[in-house]
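In this document, chain identifiers A, B, C and D correspond to the written order of the chains, with residue numbering beginning at 1 in each.
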Amino acid sequence: MSTRTEKTGETGTASAELALDLYRQVTRIRALELLLHRYVKEHGFGGFWHPGLGQEAVQAGAVSALRREDYLFYAHRGLGYALVKGMAPEVLLGDLFGRTGGSVGGKGGGTVHFVDPELGVLGQGGTLGSNFVLGAGAATSVQLLGEDRVVAVFFGDGAASRGTFHEAALQASVWKLPVVWICENNGWHLSAPFSAQSPTEDVADRAAGYGMPGVVVDGQDSVAVRAATLAAVERARAGEGPSLVEAKTLRIRGHYEGDPQRYRDDIADGLEVPRDPLRILRERVPAAAADDLDAAAESEAEAALEAALEMPKADPGIVTEGVWT
Amino acid sequence: MSAIAEVPEGVETEQLGYGRAINAALAEEMRRDERVWMMGQDVAKMGGVFGVTRGLLDEFGPSRVRDTTINETFIVGGAAGAALTGTIPVVELQFADFGLVAGDEIFHKLAKWRYMHGGKLSLPVVVRLPTGVVGGAGAEHSQSLEAIAMHVPGLKVALPATPADAKGLLKTAIRDPNPVLFFEHKGMYRTKGPVPSGDDYLVPFGEAATRRRGDALTVVATGLMVPRALAAAERLAADGIELEVIDPRTLVPLDMETIVASVERTGRALVVHEAVRTAGAGAEIAARIQEAAFFSLDAPIWRLGALDTPIPQDPDLEQLVIPSGEQIEAAARELVAL
Amino acid sequence: MSAIAEVPEGVETEQLGYGRAINAALAEEMRRDERVWMMGQDVAKMGGVFGVTRGLLDEFGPSRVRDTTINETFIVGGAAGAALTGTIPVVELQFADFGLVAGDEIFHKLAKWRYMHGGKLSLPVVVRLPTGVVGGAGAEHSQSLEAIAMHVPGLKVALPATPADAKGLLKTAIRDPNPVLFFEHKGMYRTKGPVPSGDDYLVPFGEAATRRRGDALTVVATGLMVPRALAAAERLAADGIELEVIDPRTLVPLDMETIVASVERTGRALVVHEAVRTAGAGAEIAARIQEAAFFSLDAPIWRLGALDTPIPQDPDLEQLVIPSGEQIEAAARELVAL
Amino acid sequence: MSTRTEKTGETGTASAELALDLYRQVTRIRALELLLHRYVKEHGFGGFWHPGLGQEAVQAGAVSALRREDYLFYAHRGLGYALVKGMAPEVLLGDLFGRTGGSVGGKGGGTVHFVDPELGVLGQGGTLGSNFVLGAGAATSVQLLGEDRVVAVFFGDGAASRGTFHEAALQASVWKLPVVWICENNGWHLSAPFSAQSPTEDVADRAAGYGMPGVVVDGQDSVAVRAATLAAVERARAGEGPSLVEAKTLRIRGHYEGDPQRYRDDIADGLEVPRDPLRILRERVPAAAADDLDAAAESEAEAALEAALEMPKADPGIVTEGVWT
């Protein structure tokens, strides 16, 4: 079994078309992030919103390497995963606000859960690390059924410490399951810096122990993330087993919106994104096209928010539905 | 007023051990539905630490009968993921106790994932959990933990007490779209009894079996306590005291109707299980009986269960912790006289 | 017939929030005994996700107040290992639910290790478990799981319902040589009340607090249900119906004496908890009440608890799942009239 | 943090005295193993006996690298760990047979538990892998109290797959805890060959991912095991953190005594130990001395068995004792 640890900082090449497509996704996520930031600040909302501001390139780059039929287990930070996989933004916001028009029919809200089996969006475990075993299990189904699908599992640098990673990663390698482990390393497990809670510099350093490739990419560069993920996806699709892709990114905001972050002094409480993925992409796309995409993304986000807020709140009757079939 | 046949009359049966009955259910369901598959530690080549899955690797091959490494969170959580994506996993934990090693996966993933995702997903998983004392397996390999599963909504819970039910309930479990915790008593794997031979013998969930009719006292017993209660009932019958013995067979769903109807006739109830008495399933059953039949009760409802202690590893000592047939007999005698 | 002061008369108190009371208990015990230390996720620099441990890092330093990574099995299992070897760990899980992520460590290591090793070892560990609904935390972050702990022998289980008890019970827990699961209600962290200021205010385990005296009905309530039951009692008192409200404070050990004595006077009992009703602690309490006081009962014992469903994530919906003050009031009214 | 993966097959040098001492321990364990084998075969006994025949060199070599005050969390295979740490054989057998003279007062029996806090023998978790977190926790106590102790945690190649390894190993490295992880790799997890359930050749390959040294040694060579363990113990004692020592050994007998091993065809159902640790050691010790030690070990074992069988069975009253203090 091949084992390598590659640390690439380069951007890789990308066709103009690809760059434009990635720009579109990154700016769509960004527009939603900024809008939600404002909305939550002004109106509050019941629940916990974990902003993904600044991490758009990881979500856009990695998910764009998947096909429609591939499965996705997403993490708790932002809505980008599902947005890029094809879910409508008003549905995602409907879930966030606990509205009937959300994909889980009003049962979401707070730390948002959304789902779309048709698009392969399969959910999220509220207990960090439960995605690992679920993802490996889904990949076992794929293998059993002889399907041409790959399973992508997103997780943070913090969740990487869970024992479920070990159990799932070992078994997935032994069975050569079609899984891609995608680590969004934003440098923080809530208030604990990754650097203080990892004995190695990179999460990817742990891949070799599981006999799988581990790659580190610049998580602000969506083209690089996409390329690394695509390589891992192709390997999985070819029946060669799992890989780990670690994207180095930044958590711009608090763990949840409202987190005073007294534990942190590396960043101001602003909206500025250092090494902004949009700026990095702008070098590859025509300015006018980018401007248009920005504008479209903003309208999309605004329309989605409006639509979501118009959706009725869930009917109380649903609380007892869906426990058993 | 006497024991009732384990299998309805007219059904064709063969004598089979409880473990072999489970094996037959697995084989039949895997033949019936290609999506059904298995994993667990040592279930393939070895056929399971208790030999229950012997022969299945040969018939169904290594893709559908998989040995895992020692990773209970994957065995259960992987089953959840597989169930979400079109297959029907039947997994074995070597000991029911290991359910607590995969506590998040059982109680948060299997039990809640469907609900959390608006009912759009389903998790047809069966987790086979060899339960109970077996002679020297110790504190972490001998527990009866079904009450915990009963307390966490989203799971179904089966506890077969006869070979026929072991087969019939497992087949129902595999066809159920919900996650099912299947507590097989590992001390009963070799118990023989009549087992319906047809492929289509299913025991429905939520229907208690009245194992014996009587008018003096309703005994609600599960698992290994069913034969112990029946034996006690025979001894009491010699003195003219006729116990009604009811085996709920599944705790979720729970057939309180049968139990309550019986207590309304007998006026007295004794609930017996191998699990720790404190906060066990018997507490729930007792609480519900008095809620529903308070004005029919002639005496308090009593419960027998394991002492408030872990199971000692010594095979002689472990039997002192769980209810014996003699204790059931004595309690019944005393309660009837109250 | 009315509410009883939260703190015995004559004790010097200050007004403190429930969370600050826990903080004070931690600080006092760490000052008193150098062997006491803490670990958990974000407990050091951040002072805990609920701010409960704020300031302790500054006073006690990074060796005794440790941030772990995301590893619940280590937080609990490591505490067990540390307790075996001469220190007294007080660990925090961010949500009580994560106890199931460390199920093996809590229910097999903490609960059984002493017994399994002939009583030669002891495990003075406190696991702090923020419990209950808090407004939108969802199915895996809002559960009340104390009944599970009650069912597995070897643990002690505390559930403070007032700031004074939060402090007094935690100090007792830290001084107890047994493992203690300490369920702090995260919806009550900001509830203020009188808290004894002395270092030596301990609330003993196994002594229920009668929060209000009455003759119409005994209400046994825990955690968040204590203030809800007291509020319901005030409303009923306006109609001349006087409830007796008893808060057991610890479920292991459980003070059945106080409860039974009360029911013997009132003839009626209602048990209320936030945990799922099915197989909850209320089932055990109800079963024991009728065992001990059957012939004093004028009506069945009723129970209120959460519905048989996970906690929905939506903050409005979650309240529909657990008992409200109005439901307690209505049930009490109906039961008294029965 | 230094990281190395060393695979040594060499025996290392050993003083005559050391070799003699190791011979004494290996032959003591062996004598007990053989005696128990006979006893269990002839008389049966309630419970499960997991024979350690053939693995004596790992247990003797590794435990002899510890001091009296060091802590030991042992595994389920055999009695060698505790015997070498200083517990009396009749006490261990008393535990195995559930007698009052056992260290746990008759509450053991079957898959044996024994304990001796004075000798640092702290117990065993019946759920595989629970030792990892317990051991790291004990090491945290040692660090907090500023004691000069090391914690040794034994585990099999199978138990290495448990997620608790990941959680404990990461935290132990980050906190530089004085732990030594000792893997007895006997090639089997019950019926599953290690080679079929590990994506890498060695368990030690996983050490680098935790920023700790991982060493593979010949587990039949007690001198080599001792040397490797000693290096790890010294590193731990010096405050440099944990290490992993993997000793390659063989499971000669069934998983438990009586296991028909139908899943296995690599070995006969005998008592022959390939690459017998005693034979390897004999090259370094005078034959006469070895013969004397063999004889002494045999008498010790026989006397222990006799003593244990004379101990009274536990009093039924103890079943409710020791739950709470």
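Here, contacts are C-beta pairs under 8 Å (C-beta built on N, C-alpha and C of every residue); 3 or more make two chains touch, one makes a residue touch a chain.
All values derive from a computational prediction rather than experimental measurement.
Seen from the Cα centre of subunit C, the chain whose own Cα centre is farthest off is D.
Chain pair with the larger contact count among A-B and B-D is A-B, by C-beta pairs in contact. Distance between chain centres (mean CA atoms), subunit A to subunit B: 41 Å. Taking the mean of the C-alpha atoms as each chain's centre, subunit A and subunit D sit 44 Å apart.
A straight line joining the Cα centres of subunit B and subunit C is 31 Å long. Subunit B and subunit D have centres, each the mean of its CA atoms, that are 37 Å apart. Shown for subunit D are the residues that touch two or more other chains, namely 106-108, 113, 125-127, 161-164, 167, 170-171, 174, 196-198, 323.
Looking at subunit B, one finds that residues 68-69, 71, 73, 97-98, 101, 104, 108, 115-116, 138-140, 153-154, 307-310, 312-313 touch two or more other chains.
If each chain is drawn as a node and touching chains are joined, the picture has every node linked to every other. By the touch criterion given at the top, residues 46-48, 98, 106-113, 125-129, 158-159, 161-163, 189-192, 196-198, 262-263, 313-314, 316, 318-320, 323 of subunit A touch subunit C in their complex.
Partner subunit C is touched in their complex by these residues of subunit D: 71, 73, 102-108, 113-115, 117, 122-123, 125-127, 130, 132-145, 163-164, 167-168, 170-171, 174-175, 321-325. On the subunit A side of its complex with subunit D, the touching residues are 1, 161-167, 170-171, 173-174, 196-200, 205-212.
Contacts from subunit C toward subunit A in the complex involve residues 41-42, 45-46, 49, 67-71, 73, 97-98, 101, 135-141, 307-310, 312-317, 320-321. Of all the residues in subunit B, the ones that touch subunit C in their complex are 97-104, 106-108, 111-112, 115-116, 138-140, 147-148, 150-154, 275-276, 278-284, 286-287, 290-291, 294, 297, 299-303, 307-310, 312-313.
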